[in-house]
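In what follows, structures are represented as structure tokens.
You will see two complexes here that share chain A, one where it goes with chain B and one where it goes with chain C.
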Partner chain A sequence: MEHQKTSKQLLGELLDKHYADALHAKAEGKPVAWSTSIAPQELLETMGIHAVYPENHAAAIGARKHAQEFINHSEGKGYSVDICSYARVNLAYMDIQQCEAANIPLPDLIFCCNNICNTVIKWYENIAKELNVPMILFDPPFNHEYEISDQNVKYIKAQILHAITRLEEITGQKFDYDRFREVMKISSETSRWWKKASLLACAKPSPLNGFELFNYMAIIVCMRGTKEGLELFKLWHDELQEKKEKGVGPWKDGEEKYRVMWDGIACWPYLGDTYKVLKKYGINMVTSTYPDSWYIVYDENDLDGMARAYSSNYVNRNLAFGTDNIIGIVKDFQLDGIIYHSNRSCKLMDFRQFEVQRKVEASTGVSSVIFDGDQTDPRAFSLAQFETRIQALVEMMEAKKRMGGAFYE
Partner chain B sequence: MYLGVDIGSSSSKAVLINRAGMVCGEGIVNIGTGSKGPQISVEQALRQAGIQRCDVRKCVVTGYGRLMYEGADRQITEISCHAKGVKFLWPTASTIIDIGGQDAKVIRVSINGIVENFVMNEKCAAGTGRFLEVMARVLDCRIEDLSGLAARGNPGVVISNTCTVFAESEVISQLAAGMSIEDVALGAHKSIAQRIAGLCNRIGIADAVVMTGGVALNHNVVTAIEKEIHHPIIRLEDPQAMGALGAAIFAREMEAGNS
Partner chain C sequence: MSKAMSLISELAYAGQRPKDSILKAMNETGKKSVGCFPIYTPEELIYAAEMLPVGMWGGQTVGTLADRYLQGFCCSIMKANTEQALLGQYDFLSAVIVTAYCDTLKCMIENWKIASPQLNLIPMVYPQNRKIPAGKEYLRDEFLRVKKELERISGKKITDQEIQKSVDLYDEYRRTMQEFSDLVKDYPDMLKAKTRHLILKASYFMDKRIYTEKVRELILELSKLPRENAFGRKKIILSGLIAEPDGILDIMTENGMVVVADDLAHGARQFRTIAPDTGDGLNRMVERVAMQDGCAFLYDEKKTRAAMLIQMKEKYQADAVIVCQMKFCDPEEFDYPIIKKELEGAGIPSLYIEIEQQMDSLEQLRTRIQSFSEMLA
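Up next, the complex of A and B:
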């Protein structure tokens, strides 16, 4: 009898396959796209165009502690140290095309959606220009109002339809609307299970060690529209559910003493170090802003819903929404603290961090700390400084617990 | 007796208190982590108190070098220790500005002494004691003399506060352009004050504001910060020892079992 795989094994296999398939497609002369992380991949999946995700790939290079050589290369070419380090890694990869993490083929098409930031526009334009490949840009406007306006939905929907036409022109193939319907269904379903699994961390103790979100995230980004992706999140959910029912916490060797949220991207070059510091103090990072970022859910065949969903991720929302979102997380996950990563790379995410921190603290009384770091540039982080801030957070959370905890409870 | 040791990047401080909370011995040395500084400061404090190391019932260590120090019963961050020490001496303190050798922080404390929030400078030394050291070097004076020089300066010289290396070259060009040492020293103090005011505003200032750390000994910097934040600042007699004092109080609480 075949031994059933764990979700962790499956995750590793799927990631290997994701990269192998891209290389294979390229070798067979099929088009490959480079896409931003929250883009309507449904269109590419429907067309059978293999997509790889430079942000994810740069993160993988960072996690293997090889970002520096790529960063040196880009900076040597004249890219400023102030540009997002994912961009600096990826733009160098485009030249070097060889790394310790899995390799990716060069793109035949650029697929860029600026719902995450504006940096991606210029970054991807540069790639398109240097490699002389077409670029499809989606431009969901920033939502200055609390909800997504109907005009915005209309505007984005028109872009999706236009992108379909462009894809037909580029590939010379007809867009298959039946297949599209199926992919839309799978994509929403995968997003639902991703969120459902990550919500199990609301249990006390949490069955999930939140650093795993950083690993599983790769699949919600890269394989959201595939059946395999969907199966993975169902399996992960069931494993966590079982742990939850048994009352099993996040670690085999240690008890969850404090529950925190991580705001922002991981520090990939120091993933293990940051994890160890938290674990040393019994801190479980139970959640982050990731579960919601890829909760891209809409009804099958509902293009308006799809347009709305791709405009709804929290970084594309206004301050009031961002704050309410975190206040909700504090309550749902019964947090003791929040760790804000002031990420040198990601201006958009940092921009409102202090104000969000102030508002969330005023509304919930939850302790929090901001540390300086960077997602992939190893020079912008100091482990000793990080530990001092985390330990101070522990002392604050401890004092608050003695006084009866945060006041949202 | 209870011992608190604060090991910073450029100085080491030790404070001994008795059961009643009275300071019985103190040692301050201007060398920090990785040196003999911590040991010397502890020896000074013991000598002053007239006791042996074995008479110390509990010891708490804090500061940048806390994780490397052996011989303490517990290590606690400088954030909590500064708050503890200041609250002991100044119970109405709500905002603590601490400028040490390599970092600057602003701590907000509640009425009952709990640290509510804190902010620290980013990686650059701008806004820290190290910035003043660099300034003293280019102005070719002792760090203790900076305050007196600035007191005689006229306002108007602007020095960058985002990067210490930038600031250094700015100072050199200001001097080359014929500005007086006094005016430049005042400009440097304003630069640090604006940087600190930025941290204060981030966290929200509430009276009483107390300043700790070695830089608090420079009266001119304290005055410059007061001007920027529009709040009076309480000057403590021994601002450098607050972290060590807080650590000693934690040591005493440890034994009382209520830490």
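Up next, the complex of A and C:
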């Protein structure tokens, strides 16, 4: 009898397949798109255009400790050391086109959605220019109001329709609205299961070791619109559910003493190192801002809902929303602490962090620290500094425990 | 002193003293003033509301108050703006319009709501898909929203006719500035790099009508004077966000350079595109934004900025391009490698200088500008 695969095995296989399929598609002369991580991939999936995700690819290069050579190449071309390191890695990959970590084919189309930052507009403009390929831009305006205004929804929806027309022009194929409906349904479903699974970490102890979120994230980005992606998150959910029912914690060889949230992106070149430091002190990172970032849910065939969903991710929201979001997380996950990553790459996430930290602390009493790092530039992180910060956090969390915990309890 | 020289010093003086100039303008006109963050704001609407639009492009202030909100790797312009806001130096403004062209600006909107609530913040987003109908519609809606805010603040309804008139005035201002900027090559001594910069800068702190009239007058006076001898000068095009600290401009002059044209966000990008004559005032404003290209802050699928610089080099018979890179300004930083590559391809010499608005020593830049100048000789 065939052994049922674990979600972890499946995750590895799906990722391999994701990259292999893209290379295969390219070899067969089919169009490949490079897409940002929270873009309406539904359109590409419907058109049968294979998408690869430079952010994920750059993260993979970083995690396999290959980022520096790419970064050097970009800086040699005149890219400033101060710009997002994903961009520096990817713009070099565009030239070098070879990395042991994973390979992706060059794009025939650029698919860019600036709901994550305006940096991607500039980065993707450069790819389109250098490779002379068409670019489709989705521009969900930054939401300086708490809710997403109807004016914004109207504009985004019109851009989705415009993109469909452009995709038809570029590929010379008709857009299949039945297939679109199907993909919309799967995509929302996948998002629901992703969030449902990650919410199981609310249990005490958490059945999830949150660093796994960083791994599973690859699939919620790359395969959200596919049945395989959906199945993976259901399976992952069931595994976690079972652990939760048995009261199993995150580690076989250690006990969850503190529960924290990680704000921002991982430090990919130091993923293992940062994980070990936390584990050493019994700190489980139970969640981050990721579960909500890919909670892109709307009703089937509801373009307004889809437009709204693609503008709802927290980096595109105002500070009051971002604060409330984290306050909610502190309560739902019963956090002892928050680790804020002041990420040299990501100004949009960084330049609100200080105020968010103050507001969250004032409202919940949760302990927190900020450390300096970078998602893929290995030079912008110091493990010693990181550990010092974590020690400080442990002291704060301990003191608070002695005093009877955070305000929310 | 000739009439031209006295106009030049009057305008340059106004550019050098932002706050004094604004207060003076408010006094003379009896108008309130509204702060305008970089890069573009709907100044025409502010003017139509009978208020003064004034530029907020950083300054020399350094301090530690802004550290409460911003990490060290934030651009110096926004650090200075925040510092000044926290010091209460903007409290005379009736409102401030903050636009979201870059990730830093998005955060500014949010921090300022908390840091300086007294400033009546009006956040605004310019669409990046500004050429398609949906983008144009969105921008019109944004203009209408801002208009309403301005009406609330000024207590005065803005009529369509007033907007039309204001757009006409801005057209006139923009044409005048183009003419003025083109004159510099003929009067390199009277309009040294820094003087040119200060005259352009004064536009941010004066009533636009009065400012435009003065510059018109200056153009007329200059036309009466013989051209100055420009022989042996190196003709430079500046590109980037802003050429500050303006000490770098003096260094250029000392090294025989004259700024014949610019592609600075703070400079010619404000006036190089004129509104087309179609539809109502708002429509003309929308179409103007749709037409403007070659700017790091407006999505440009074809990325035409380098090609535009190459054309400018032809038009002005320039010798070189100097890219003034504001440190930590990522939209500009992303454009540079493409510009570099294309300028190299066209055989146009270029120099890249990284600046911070409040840098205390220019010695390193002096050496680099000097050797660049020698290379051009």
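What we mean here is this: the second predicted complex is superposed on the first by the 409 of 409 C-alpha atoms of A that agree within 3 Å, B and C clash if a C-alpha of one lies under 4 Å from a C-alpha of the other, contacts with A are read in each partner's own complex, and residues count from 1 in each chain.
Operating definition for what follows: a contact is a pair of C-beta atoms (placed from the backbone, for glycine too) under 8 Å apart; a residue touches a chain by one contact, two chains touch by 3 or more.
Because the structure is predicted, anything quoted here is derived from the model rather than measured.
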item: Contacts of A:Asp139 with chain B and chain C, given as first, second, both or neither; value: second
item: Which of chain B and chain C A:Lys276 touches, first, second, both or neither; value: neither
item: First (chain B), second (chain C), both or neither touched by A:Gly78; value: second
item: First (chain B), second (chain C), both or neither touched by A:Ala399; value: first
item: Which of chain B and chain C A:Thr388 touches, first, second, both or neither; value: first
item: Residue contacts with chain A in the superposition, chain B compared against chain C; value: C
item: First (chain B), second (chain C), both or neither touched by A:Phe354; value: both
item: Partner chain in contact with A:Lys122 - chain B first, chain C second, else both or neither; value: second
item: Chain B versus chain C as contact partner of A:Ser368, first or second or both or neither; value: first
item: Chain B and chain C contact sites that coincide on chain A, given as residue numbers; value: 342, 354
item: In the complex with chain A, residue positions of chain C that touch it; value: 68-71, 73-74, 100-104, 106-111, 113-114, 123, 125, 127-129, 132-135, 137-138, 141-142, 145, 296, 299-303, 325, 327-328, 330-331, 333-338, 340-341, 352
item: Residue ranges of chain A in contact with chain C within the complex; value: 77-80, 82-84, 87, 114, 117-119, 121-123, 125-126, 128-130, 134-135, 137, 139, 141-142, 144, 151, 154-155, 158-159, 162, 318-319, 342, 344, 346-348, 350-355
item: In the complex with chain A, residue positions of chain B that touch it; value: 64, 67, 76-80, 103, 112, 114-120, 122-123, 202, 204
item: Residue numbers on chain A that touch chain B, as the complex places them; value: 342, 354, 358, 361, 367-370, 372, 380, 382, 384-385, 387-389, 391-392, 395-396, 399-400, 403
